[in-house]
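Which chain is which? They are A, B, C and D, in the order written, and residues in each are numbered from 1.
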């Protein structure tokens, strides 16, 4: 996905910028970048963070960069931030989003004038350059920013830094978040709200959908007021967000406790222990345990002291083996036990199947599986989630295809209703295929309740197909 | 502390060796090393792992090293393994331990002959070279190994690799562990028992105190039988071990649940939630919650997606600030709440004081503190723990010094008795100084019960001064 | 300055490309880059070569890049090659040149449409991106290439790689060179003619001024015929070119022998030895020695086994000291000797002054200085020479300013005539200021003769002000 | 071979040490090292310099190391300097030499006591550790140093740094050099005399054979007086030394001019030009040209702007091709020309054969070859020359084996006499085999004269077999 951080300070911003960006490390594994603006103009640094963490890679830059305003990012794809010169002058830009209509926009821009893009190795256009190019289509800078928000199909939240300040622009429908924090020296902009807490900033505001602000060391001004339509991604709470993140006033951790609680309320099995699949399943399981009184336990531990991401050395022939090596069993807590396991979601089912098998082999008597969210039936159209690339890989769709002669929108819709027979049949088929002792999914209505905000503000597309 | 891994296989051992060593990354932050023995003799690689993880640093070595036997280590101090040539022939050696009498041994060795040591940058003798030098004092190799076990005051567990096999030697009193695992291709030796589980090995044996085995791809032979006196470090379960580790048949995770359970049994406060200080406090808190029925919760989260160790960039002026930035609050779970917090131990008290302050500032109503182990009154003499360097830094000793005109062994002893008035006075003084709502320590008898093994096998020196 | 190399081969081109680019290492010290086109599209790599040589930095890329066509560069300024996507499709581009009118072109392009440039750290537009942007202004690709040649004031020679082949475009007036070589597998394009000799290519053709060719593994086609006006930089032979380079059929080494020969013919001093200031003065001195019969000798040696370029570690306080440390005296060959020293040119005079002082201190009796080219009176307008940045730093201009009340074009012109009194006065003033025993410059007519080509094809602007 | 530099200064020594060691870069390609002694004791750094130069690798160390005494080295083999702790206290040591009897010494040391060596990766004992171990055999430090000089068969010159000063010990027979320089702040020790000239030191003394001095910032004291027997390696002048080096008062450059002069005096061919094979042949050729009046010229140029050493990237399949790519022809100076080419020596003849072939292919009419030294008939026993590993690879020995039924010492001796028929036959056979137009070697008597010192001080073993 990616994340960003920006600082506009009366003093040098580099220290805060460095740690603010670093606190977005959970959102991407490919590139990190920082751009600052100071007396000597722009200074920018980008590093590959695939085999060493952001901190290691930017340690030296921190010592040489200077400036009182800066923006930075963790990027899962393109090198960022870019420094762009156009008729708007020079600015730095970093984006988080997904441009579904990149080819149409490219065509449109080539039609409008003799533009060009500097391709990345591999042949893709840098999506952030694309956004800059859209902004440059308009005579007026703010018009350009709004044009980019409107033109991009998918999602787009971004920061722009020029000599006047830092422009913070949240996605038109608020699909991804943007926050502003404040301390005595100025302001910071952040993708994750928790990123500035330990840097001495307090909450200043959460931008509304489509809102555009400009931030200077002296203050924050709204340039484009927030719209009234919001579709924030519910998956941010369920899976993607860091536990200490909060969106729309609700922390990820608490929302997950809620999910676990609602699942427990409707459950009737009596396992010996409740456990979560690390990392995101843990909090869901805590919620379940606290509601049900069934002891919470950790029958396997994720080994994090080494490289914490999915990085693995290039021993191609052993990749599968390595992938299984993250979770380490605690035999005392498995042998002869009835386990109830909660994961955030079930996508293809492969991983949960393997984990279950591994528990049976370690002596588990029963393995009950609970998913913190409803069955995933539609692939996400809005965000760059690594989780749900192809709809046909979803276990729900594979099962539905098996059960139905013909699958159309109408048929799919029936499978999204937890009270329908089709739904129950699908769940039972999944359970049998994956060899769980029992299986249940959180209900869409319970999930919405767990979010504690007006449900019309939530995007629930991947579960119910509603745009 | 440090850890090691060794493989003697019928096939190439490098893949297993790499991951086996990597699974000891939680035990050290300075150096990693691997030595293999194959058709071309010994091949050895050592890297500094202070600013990039073991995996990143050894990725290339994995591709070039070859051999069917190998040993490796994570070292908190000296470069290891060493390749030593002596009248015993050539061997590779890696050690985990603490040599308290290094100066006396040095003097002894210089007296016995014209020996030399290659000092490390900084002027220290490499303790592993020292162990090798002791082994070389005896005509017979096994005699040399036993001589090293006996001569070293402190602790010493080690692996030696030569053309005949891998020698595994556990500390004379079993202060630190050593395990052997088995698969179809051969055997592995490991400091942590969990390190080989996901590599396809099954438990073969845990060495007894002072036991020395030699391991080849074909089998394992005990060269020196285990002794009958054991003093395994109880802190391995309380704090140092990884949750999935098990020593003497008891998993760290389960022992911690036990600690929490026993604390809860004697407790009488009614907080809203129970939480652990990550990482080691977490399991203690789970045990407490499960026993008491008070909900387990995570009011702060440790930020691990970035560099997971204590590494921090070299911005000296901001070190203190940075040190505080690891734990991120979840405000939903703190504001207006009565919290009970469990940590593995209280050493100087500074960190717990700051954490408590931070919780009060985030709106906590009450902060009750529980320590999973009794008050630390004596500094460890046996292991290289970073936790308890100087006895006078211990908060217990500072408080006792304040309370007593004269402190001697007899006086100290009284403070180790949880039923004594002095003990209660000390605990109350600590509570007041650190501004906790309430404070309690696990009792030494409960701690021993939590270990589930014969208590005479446990070293409890730091709590009761018994050697 | 910079240089480039390109290969269009029936087989993989990477090995040839790597070494072909490496042979341009003498032309730049900042960046190296390679882009190849193969079955998987474009693959590009750029590295900073300021503190490690091209070979070291690209060693890994050579092993992973694949493709049968590729271009690469040594760049003294911007990161290159760029991969550009426009209505022309996708292409890679690398340039050598100097864009004097970069601001005007920028303004023109912004006026013509909503274009943008990705600024480099430091705030400059990447000149190669600028050239690409000019090319993209025209509907037709070849029209675009010619438009770039015409629009740029200064000089511009470049390579473009797309799926059809490699376009080689020499500067409109041939200020910088471009060659094509041939072997059994295809063709190569090169800035320096010698770069392909040891790679098994034979000379195919030298492009004429403004000529544009397209090169495929199968053949070379001229798309734009060469123009009839040439102004190749004479300094390429005198100083910038590598000794084994040849331009317009004349090798640098031979031209320098010629220069030395013509100076010797007019000289009348009788020194003990003749020496050149390394590196470029050496060949001039050999020519002088062979003509005059005065022994050639090396009274100081440049220390090259270490880092061969001007790179020095960042000990700011000692930079001046370090700069003097390149030339090492051979006392046997200096003490009590009359030396005649030839350098390629005298710019500010500082270095020659220091070298002379150093020789006097080492015991030299006389130090006669000869310059292989006439006095530099005008700064170069056409190429990115590091040598002649500001006209007012030229020792000639400082002396003329001292001698004249008013300096205008007419006055300057008189100082370019080696037969004028003003010229003689200037030379004597320089000699006195720099404390040489005697001083003489090569004459402009002799210099032209030394080039052995039609003198109207030579740019001699820096010496005579003729455009 | 390797080289070293040491500084004992009243002020910080690191800057001088860094550049002094760097000036020995021509003597080794594998490791560089520096050890300093200051207020905080010893600090040592060693880096691999195989793929980046000493300067690049030690740039950061220069900024962090501190101390007023230090030693450093360029090493062609083992990591150095070592820091050794023994009954002599702690000292740093670096050596240049060749230990022929390493196995016997190892055995002797193991017999004398329970010593050990830390093997290097690959299984070799670090020869510098071996030297330290010998020194540690004696009760008294100076006795130990002399014992090492006497025990080692081959050659041994070294520096030792302890808290009292820097000990400089030249080889017992002066086979390799050692110099001391002086400036206002103290003294330096150097393998090459020129290394301190540009650092502001003046010559203080050249150590005699076997001499041992101790050097402090305040003065230099001779601890062991020089012996009266000297056997300095003549090859130092002919090939190994840098042109600006001087040994026993004679510069390498001048000695090579002498060689060229004596060859020319006896020569009778009339080539168009004289050229040297870079780098070491150049000066020999200058001497020949100056004596004969035949123009000196550079028909091929070594490409040095890239990595100047023999380093080549790891494209195994193309190594041979790459090796040939160093010398670049200047066709103007070859085509139709009669060339006389001088190289320092002819070892296996392969390279000269290829160079000659390459010249014929480039159009040379005649290629006359001259060797600056006599035919190499015996392999060196004293120094780690890469040039003459195996006697049987020498072209002389291959030819002699072809010409003689039986080869013994007596027979070989005859081939060392330039006036014998056997010698003439051998030279003619070599000429024919290598396809030179003509071939001549410098005579041993002329070579000795070229050295300008008492010939009994010269080691000429490789040419005449005299020990």
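The rule is simple: contacts are C-beta pairs under 8 Å (C-beta built on N, C-alpha and C of every residue); 3 or more make two chains touch, one makes a residue touch a chain.
The model shown is predicted, which means the values in this text are computed figures rather than measured ones.
Asks: If you check the contacts of subunit B and subunit D, which chains show up for both?
Replies: none
Asks: Measuring between Cα centroids, what's the chain most distant from subunit C?
Replies: Greatest centre separation from subunit C goes to chain B.
Asks: Just curious, how far off is subunit C from subunit B if you go by their C-alpha centres, in Å?
Replies: 62
Asks: Approximately how many whole Å separate the CA-defined centres of subunit A and subunit B?
Replies: The mean C-alpha positions of subunit A and subunit B differ by 36 Å.
Asks: Based only on mean CA positions, could you tell me how far subunit A sits from subunit C in angstrom?
Replies: That gives a centre separation of 51 Å.
Asks: Chain pairs that touch, all of them, please.
Replies: A-B, A-C, B-D, C-D
Asks: Would you pull the subunit D residues touching subunit B in the complex into a rising list?
Replies: Against subunit B, subunit D makes touches at 41-45, 82-87, 90, 106, 110, 112-123, 125, 129, 132-133, 136-137.
Asks: Please output the residues of subunit B touching subunit A within their complex, sorted ascending.
Replies: Contact set of subunit B toward subunit A: 15, 18-19, 22-23, 25-26, 51-56, 59, 62-63, 194, 197-199, 242-244, 246, 250-251, 253-254, 257, 283, 286, 289-290, 293, 295-298, 300-301, 303-309, 311-315, 318, 322, 324-325, 327-333.
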